[in-house]
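What follows is a single structure, written as structure tokens, with notes after it.
Per-chain numbering from 1; labels A, B, C and D assigned in written order.
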Amino acid sequence: MMIIMRADATQEQISQVVARVEAVGLRAHLSRGQERTLIGAIGDDRTIDKGHFAVLPGVDRVVPILRPYKLASREFSPENTVFPLDGVSIGGNEIVLIAGPCSVESRAQLMEIAHAVREAGAHALRGGAYKPRTSPYAFQGLGEEGLELLAEAREETGLPIVTEVMAPEMVPLVAKYADVLQIGARNMQNFALLHAAGESQRPVLLKRGMSATIEELLMAAEYILSHGNRRVILCERGIRTFENATRNTTDINAIPVVKSLSHLPVILDPSHSTGKWEYVLPIARAAIAAGADGLIVEVHPHPEEALSDGGQSLKPERFVEMVEQVRRIAQAIGRDVAPSPHRERLASPLGAGRRDEQ
Amino acid sequence: MMIIMRADATQEQISQVVARVEAVGLRAHLSRGQERTLIGAIGDDRTIDKGHFAVLPGVDRVVPILRPYKLASREFSPENTVFPLDGVSIGGNEIVLIAGPCSVESRAQLMEIAHAVREAGAHALRGGAYKPRTSPYAFQGLGEEGLELLAEAREETGLPIVTEVMAPEMVPLVAKYADVLQIGARNMQNFALLHAAGESQRPVLLKRGMSATIEELLMAAEYILSHGNRRVILCERGIRTFENATRNTTDINAIPVVKSLSHLPVILDPSHSTGKWEYVLPIARAAIAAGADGLIVEVHPHPEEALSDGGQSLKPERFVEMVEQVRRIAQAIGRDVAPSPHRERLASPLGAGRRDEQ
Amino acid sequence: MMIIMRADATQEQISQVVARVEAVGLRAHLSRGQERTLIGAIGDDRTIDKGHFAVLPGVDRVVPILRPYKLASREFSPENTVFPLDGVSIGGNEIVLIAGPCSVESRAQLMEIAHAVREAGAHALRGGAYKPRTSPYAFQGLGEEGLELLAEAREETGLPIVTEVMAPEMVPLVAKYADVLQIGARNMQNFALLHAAGESQRPVLLKRGMSATIEELLMAAEYILSHGNRRVILCERGIRTFENATRNTTDINAIPVVKSLSHLPVILDPSHSTGKWEYVLPIARAAIAAGADGLIVEVHPHPEEALSDGGQSLKPERFVEMVEQVRRIAQAIGRDVAPSPHRERLASPLGAGRRDEQ
Amino acid sequence: MMIIMRADATQEQISQVVARVEAVGLRAHLSRGQERTLIGAIGDDRTIDKGHFAVLPGVDRVVPILRPYKLASREFSPENTVFPLDGVSIGGNEIVLIAGPCSVESRAQLMEIAHAVREAGAHALRGGAYKPRTSPYAFQGLGEEGLELLAEAREETGLPIVTEVMAPEMVPLVAKYADVLQIGARNMQNFALLHAAGESQRPVLLKRGMSATIEELLMAAEYILSHGNRRVILCERGIRTFENATRNTTDINAIPVVKSLSHLPVILDPSHSTGKWEYVLPIARAAIAAGADGLIVEVHPHPEEALSDGGQSLKPERFVEMVEQVRRIAQAIGRDVAPSPHRERLASPLGAGRRDEQ
């Protein structure tokens, strides 16, 4: 870290800071400017509270120099992390598509969607059995029954399952059924949960918190990595801003920024990042154009009856169209959508362009 | 809710929306304007997903009319909720002060602070045994040993204990030691934790999430209330904005807004809402002037050695000054700081005004 | 608008609101729910201050129904606005590229860049003669001399000129030299300037303010349109959020949202929306994938010597690469980069993929 | 500034940065850490584009050390700036109150309000003759006729006039009538206007832009100061955040932050910072408790008929109450509301506490 002294700092104050820097095992390096003295604290200070120095007399402010994450950083691990997800690889050159309903509602609903998204080319099935809902009066998910239905859907379609876990003590149960543990945006800094997920053997899909910085997202990944689980997929799902024309603001910059700072795969969730189905296709295309390694998308055959997130779910026929558009964008940048190991026949021919209603 | 149709919506689309409104048990009421048709859905729609209607053909958007919380609302419960906290009342006319270290670090540290804040007039002792830390490499708290030290401090000083609980399965353990369960900003929408806290017998101090709207804060309180626990204290602790001169932006508006929307007590945490000890006193005064029912403040005798949040902790002598200033503001608006049932003698005479170093 | 009464509103208060609605020439339409009464105010209320109604006794809040802009809206004008820009069309199927330095610094600098971007396929030359700078001590632009150099560059290359105007009384002077008047983000709500630009005969490139909502952007366009100038290009250039890994947050959602709400052409400025040249290419691709009608990009042959915005300027060879990538994305969605009417020979062969330094 | 090299920067890249630092007249100072090399650039770099260095090969990022403003800073000018405003002083120990309508609507309206606020103890009259309105269809102010009415109100009541100027060429006209030139939030970075105001002889009331950082506010003040006008009053008026329960979020932290960074007087506008009259009183009290030097408040005898901002205007009797409450808070912190040199008789007795309707 760099400690910037006030313009009126005394020599004694400077000496006190230097002494303190050395007391915590770092080396101090002075740089006297015309208006300010700077004190560099040299050494690995990632575990040291910078607030200690900020409160010393004569200190103006403290500037961190080292990035606070290590295992998640590309400096530490220059090559892309690539790992298999039941037949496809994520983090490599091919685009991975995860699709399914917001909530598991019933066997019929889930099987209909699972078959539809597999036929359209999806590589994994998403669906919530435990739902974080803003209102205690809203549908909270089917719980373990939902997990069983998801396992049944995997049985039927071959698609691996991505589903959310909301509490540390639930990790073993959810990991029993799921192929990938999802940690939702509201739990991105639920450190007890990150810790538990880090001790699990399942890959983790970690969603960015709605007001988390990219650095905080990488620190949350660091929690999981540092507890031994190296298979983390980062997911941009929109951030909260003043703009209210959309549910969230897709931080498309986050895609190339995360790719440059970290070696972990990064995907985008255009359903949550826009909140309206009309905008899912253009934003899905943009994500791939910007370099995302995949997408996670909500699909529901009857959005007007969905128990949650109806307004942002694609109908299966629009999802087919999305896959085709995404494929063309992927090819335009020298990548491709991964072939589906589970699909038996080709998707139906595409619809022609944007329509006003799904 | 009110459903606003597009300007070009057809009669058939309008009829379809009306049919759907009636299908979920609400009554539809049409209002045809020059440019738009509006469809009012009459009845309690708090549990109905508004997205259902947003996706119907011809619908432009859906405007909620009813506030989504009920038990937390002043409409439901017009009188202020007031409840005792070991000798003082919170939510009434008197101001309650909670103070202590960010983290419990050692017996010596905790006892020194506990005595100091009691002498200064604090009514409860805060201190974290389990610490949510952005970095997995930072000090994570003493755990149960910290809880035992807190219980010992209560034994010695008589001050009730406020401490954080981070996971639902920890609620019984923490409740065994603590008088008030704190739910931190990062867990404000950890619904499993809210549920568990709602089933506990302890009052809950619920901190606003760093990007939570006031409505979401009240919905989080609704979770606790709806699971049977009516003793919730709301806490404004600053929100995340673009401004980076301070750690967070104190949303002082939230004080009168929450008081007008809800009957629950509301306090402010000027340590986190500013992030710098220099600003804690003016913001503490502002909170009381705006109508807050209390404050929660970080105090540490040696901020430069604190294991966390050193930069925003007040030294005990500054805390004494804060109490005196807050008392004068409280009296200026016809309230007062609650007398301390635990204090044996008067605080030392005050320092004179703002000094540059603590 | 819709006026939502408080749950405890009296019949007399309701009558008073109805009377007031009728007094301003609107028709009132009552809708009594179980908990609330709503009063619809029917008629064109775009010019009526909704605050009037918000302050009436018994009123809870007022919800606007009509969008406040008219000329800028797609409802008013369903077909895309397309207009020529010296040999190409903007707003149609073809992508338009505007490129050049942040500031005009010298004849040599400007001519070098103008030739380079023309050869790469740009359709217009940007460059600031009057620069809005945060610091009064920073380079403020060459002023009229800069305008003359821009005119000279047009003479030499045939490229039309896009340049910023910062004050209403400067509009005639800038319009004498420029083909398109740019209104910068900081002036998006400089209403005197919007008024003056609305009376000019030049097309206007209107940049979104850094914390302007999409609705406010369209209202700013409405100012220009309502003063008689129908040739407005909207430009997303990033918004201000809490994220500080990039200079701004590219609101990629704004592209499809603006296209759906308005008939005006919309382009993106990836230089300002990211603030770092490394991210310009992926975000340029994303913009086109999301449906933007063009791009405005900063290019400088020696970014390390630029008098402003060096950190976000592309070198000419990277710009060549960008044009090629953007072309492939455009083709993937059935569009294309407009052929350059000014280019004499083909661009040099492309570099291969992302390099670490420009 | 401090230039932080990438972990993999070569010695040659470091030498190149050092050479460049020296080329712009600064002195380079190397500090080699375990993971990073830092290069301090020593000297006054306020006018140097930091982007130059950010783009050099091997550079990770550039951290500014010096604050970019000078004349506005407390380091430069440690004593509070205090200047007279027609009988009272602003910036000293006494609180100054500016009140009046949002817009000047008519002679009758203005005179009624002017007398009312004078009797209540206001020290200056605010009122807009030129109104920045989001909609081109909304009332835009009476223009010069409004200025004449303001001058007439000063004649009648003795109150100095604060009114907005929206374009540089209007400064001389507005300065002819006004005692204080107001620069609105939307024009805080209208640099041509700041320049013109800096050349005027009138004090300037500079409102913070709705998404301006405190540093940018001080830089805007620096523009005015550096053009020769040293009488600047800074005004916090709420910032734009995700919270929508209020029109803006009052950044109460800004009061002590600005007081610590700058010597200029700072006031708060609780009408705009909340947007609802119900919250004006508590936030006015909070501002004074936090250390503001004054308030600017909207007052209208018939808010339900106001041509703008009706919803946030206080009725005169509430303003009387506000003055009394603010006085008690001021006295609690050892300050006082300035006596009114213009008031002939005492204000009427106060109402008792918060009422639900004005």
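Keep in mind that, in the parts below, a contact is a pair of C-beta atoms (placed from the backbone, for glycine too) under 8 Å apart; a residue touches a chain by one contact, two chains touch by 3 or more.
All values reported here derive from a predicted model rather than from experimental measurement.
Among the other chains, the CA centroid farthest from that of subunit A is the one of D. For the pair subunit B and subunit D, the fraction of shared interface numbers is greater than half, so the two copies use mostly the same residues to meet.
Rounded to whole angstrom units, the spacing between the C-alpha centres of subunit A and subunit D is 40. We define each chain's centre as the mean of its Cα atoms; on that basis subunit A and subunit B are separated by 27 Å. Residues of subunit D in contact with two or more other chains: 211, 240-242, 244.
If you check the complex, the residues on subunit B that touch subunit D are 211, 213-215, 239, 241-246, 249-257, 260-261, 273-274, 278-279, 282-283, 285-291, 325, 328-329, 331-334, 353. Residues of subunit D that touch subunit A in their complex: 2, 4, 7-8, 29, 31-36, 38, 40, 42-44, 63, 65-66, 75, 211, 240-242, 244. Subunit B meets subunit A in the complex at residues 20, 46-47, 49-57, 68-69, 132-139, 166-170, 186-187, 189-195, 210-211, 216, 219, 222-223, 226-227, 240, 276-277, 303-313, 357-358.
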